[in-house]
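My questions all concern the structure below.
To keep things simple, chains are lettered A, B and C as they appear, and every chain counts its residues starting from 1.
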Amino acid sequence: MKIVVCIKQVPDTKGGVKFNPDGTLDRAAMLAIMNPDDKAGLEAALRIKEEHGAEVTVITMGLPKADDVLREALAMGADKAILVTDRVLGGADTWATSTTIAGALRNIDYDLIITGRQAIDGDTAQVGPQIAEHLNIPVISYAEDIRVEGDYVIVKRQYEDRYHEIKAKMPCLVTALSELNVPRYMTPGGIFDAYDSEVTVWGRNDLKDVDDSNLGLKGSPTKIAKASDKVRKGAGEKVTLDASESVDYIMSKLKEKHVI
Amino acid sequence: MDFSLDKKHEMARTLFKEFAETEVKPLAQEVDETEVFPRGTVEKMAKAGFLGIPVPKEYGGQGCDPLTYVMCVEELSKVCGTTGVIVSAHTSLCIDPIMTYGTEEQKQKYVKDLATGAKLGAFALTEPGAGTDAQGAQTKAVLDGDEWVLNGSKCFITNGKEADVYIVIAITSIAEDKRGRKKKNFSAFIVDKGAPGFSFGTKEKKMGIRGSSTYELIFEDCRIPKENLLGPEGRGFPIAMHTLDGGRIGIAAQALGIAEGALDRAIEYTKERKQFGRSIAQQQNTQFKLADMATRIEAAKFLVYRAAIAKATQKVYSVEAAKAKLFAAETAMAVTTEVVQLFGGYGYIREYDVERMMRDAKITEIYEGTSEVQRMVISGALLK
Amino acid sequence: MGLEQYKGVYIYAQQVDNELSSIAFELIGKAKELAKDLDTDVTAVLLGHNVKNLCDSLAEYGADKIIVVDDPELEVYRTEPYAHALASVINEYKPDIMLVGATAIGRDLGPTVSARVKTGLTADCTVLEIGDFPINPMPNQEQKHNQLLMTRPAFGGNTIATIACPDNRPQMATVRPGVMQKLDPVKGAKAEIIEYNPGFEENNKYVEIINIIKQAKTTENIMDAKILVSGGRGVGSAENFQMLRDLADVLGGTVSCSRAVVENGWLPVDLQVGQTGKTVRPNLYFAIGISGAIQHVAGMEESDIVIAINKDEDAPIFDVADYGIVGDLNKIVPALTQALKAELA
């Protein structure tokens, strides 16, 4: 079987994010990593490969430096890697991103597509379901477990207070939660091999059945009206009061903030 | 001359660092306190391929170079000196001599299991009466039919009771030179755990690297197959010395890692710790000390990486290895001592890790050739 | 077709097991505000099977109209029949704005529907308002009025962005639960009810649900908690944490702690906040007897409101607290619990 895993390179927010002296986010100071949900999705694909035999292809859309995250996927055990990169694809929202990735996926065979549920930089959880919609295949979001049985996948689909066990005929798309598994480490030898192998690079012209009006910044229905890096919270008020005054003080603040 | 690492090595470092932070660091204090060998970590390292990094793929290894291996030991040692030396002794002192001197059969039989981490390796040269002066050794091996029979004991053996495969150096003949002076000839052997007559003596209680399973090995009419002779008979001494040249690079990497780990802690701590109304990182005394330590560590790093590259490209790299180990070990000792001082009282208590690093650092000046031996090797080459 | 044909503010009235989710009422509350600014009305879209009895409460909470798609295919949530139903409603009734809750259902339904009806979708919004796009007039660009401006945090809450969808309709957003205010219900209020069925035909996108397992809530995950009452070394003992539990109970919160507490064996490690513990982002974080080492702060600084109680006025926790009280936690905490009990009784 053929499995495609869609991955994204994101800035690492683990251990706190870094700020510039003016309170804005210091993106350059943060490491670029493979998005955690995507990594869990890749691990799920590699386990299916080990159990049933499969060819695992990873695909990402991004700047040329997203090559790193594809090499990481190869070093973990993926078989092939595709980088979709082109100036005209920049500034894409989830609609344009999903259109682009769907356009790339139309070039290759797949039985199962796995994406992460959401990326830690955008947190939208939209690209996976939208890719499925563009490809006209079923989507199962929020997977806590993925099994393959013959032509079917069986997914434990998480909700707030329950889960559904869902069976779908492939081809289909599953979005993975990072709770799915603990991804394996790369191996040192895998890293060396990854840098010796080819990453396929596709641009705009390699996308199939995609209209220019649906790509990049221009093709994005949503537009940013205003963006700001949240200024880091500084010290607020500090008071020295006796116990009953303290209680009154806290109560008034809790009311002011609608906590009570 | 290019001092930057390529992408492969950068990514390998990322891997080692992530593994060390996630799997090793949380256990470091416990391993030290309880003096228990971190078997679980070794199994995880085996799975991740860390136990055969410079070994070719056809022998079950990762097919990487000595520099990658050195970076692994360095990153592990940043958070736990014990874990660093386990990998170093296994790779440099056990796998390396079999890869270098072993027959194809020996490589197939031993290296595959060692490189995948199915088995762990150790190296036994030192004896109670023979440390720096190997001629004081007593352990003998005598050929009896199809078997070698070993008698004697070895001490201070890293991975001692936990290993499965041991490289053992023993006397196989005594020659007399023209002037009538006796000279012991050594040979190297591969000994499996469980060989008849092979047992373990006392476990050493150590100042540092306390989880590393340091044992005495005892051979009482220990019988091993004839084909377990490693390299030509009588060449045990040069094999041991060449093996130690490689081992020293691993220990140099361990020392480098310990120093870097201590400096990292110092940077974190001095920024946080306030005295006289400001962080101690704002005091010039602290700043200058940090600057000196960082500079010294960088110099050590160049020597260590230089030695690793020499191992990959040169037949003989004794001097490079000796310089790397001498300087890195003394750097580790100096830096950790200074960091404990910067921490003040908190540096002296166990909760803050840096006293452990100081205890771990000391051994790097002693084992696999003391700093004095390294100076002998370096000066010997100069005055030759 | 012109964008001006799209009218009205629609919300997806999520129900599970024929019970309306709280988010449905929250969305109506917000939609009423938006509708007022746009001089239009609020329509709730209710999808399910045998769900018509839910219309009354939607009306009481403020829905002017309710479109009901009632079909056996919609018995249990599945992406496909639900997406088909909602997309059909949109295509038929052409809303100007379509709001969906950012729940485990809405975050699946929303993107699928937006892709199907070819419009933008802004995820997890926390602020919605009507305004101009661009916000300030720009040369060579038409400034459109009466646009939905959707504000959302990104990057784990470290950045905020305001998004518009000026050229496509409907303007779609998923909205974070618990952020928007419900209106006070008006008993007996009625809404216009429109029954609609687009017809359902099984296709390759229909999946089979082979099992539904409802999970009793297991141990509290501090990362999901809205209110955390966190204690440090200053709490003094494992027994003293009862004070914090009492406070947490009255607020519906959860107890968490600093590393020192775990090291002392007072609480288990899964309750630890900080660099070596968990990163939390509750709406309210009490730091009680916590000095505020950087490692701890790294794990909680993204909390919305931080209230710190500590006897040491130089404790670094005060540098990140919105409200800092220098005082004796042993006196303040029990008194606060009592006051809250009285207030909330």
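Keep this in mind: contacts are C-beta pairs under 8 Å (C-beta built on N, C-alpha and C of every residue); 3 or more make two chains touch, one makes a residue touch a chain.
Keep in mind that this is a model prediction, so the values were computed, not measured.
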item	value
Contacts common to chain B and chain C (chain labels)	A
By mean Cα position, the chain sitting nearest the middle	A
Pair exhibiting more inter-chain C-beta contacts, A-C or A-B	A-C
Most distant chain from chain C, judged by the mean position of its C-alpha atoms	B
Between chain C and chain B, distance of the C-alpha-averaged centres to the nearest whole Å	54
Distance from chain C to chain A - Cα centre to Cα centre, in angstrom	21
Inter-centroid spacing, chain B versus chain A (mean Cα positions, whole Å)	41
Partner chain A, residues of chain B touching it in the complex	7-8, 11-12, 15, 18-19, 47-50, 53, 57, 61-64, 68, 72
List of chain A residues in touch with chain C within their complex	11, 13-17, 25, 93-95, 98, 120-130, 132-134, 136-142, 154, 158-169, 172, 220-230, 232-244, 246-251, 253-254, 257, 259-260
Contacting residues of chain C [partner chain A, same complex]	16, 76, 79-80, 83, 103-105, 107-108, 110-112, 114-116, 118-124, 133-135, 149, 153-168, 204-215, 217, 227, 251, 275, 279, 283-284, 298-299, 301, 305-307, 309, 313, 318-328, 331-332, 335-336, 339-340, 343-344
Residues of chain A touching chain B in the complex	68, 71-72, 75, 184-195
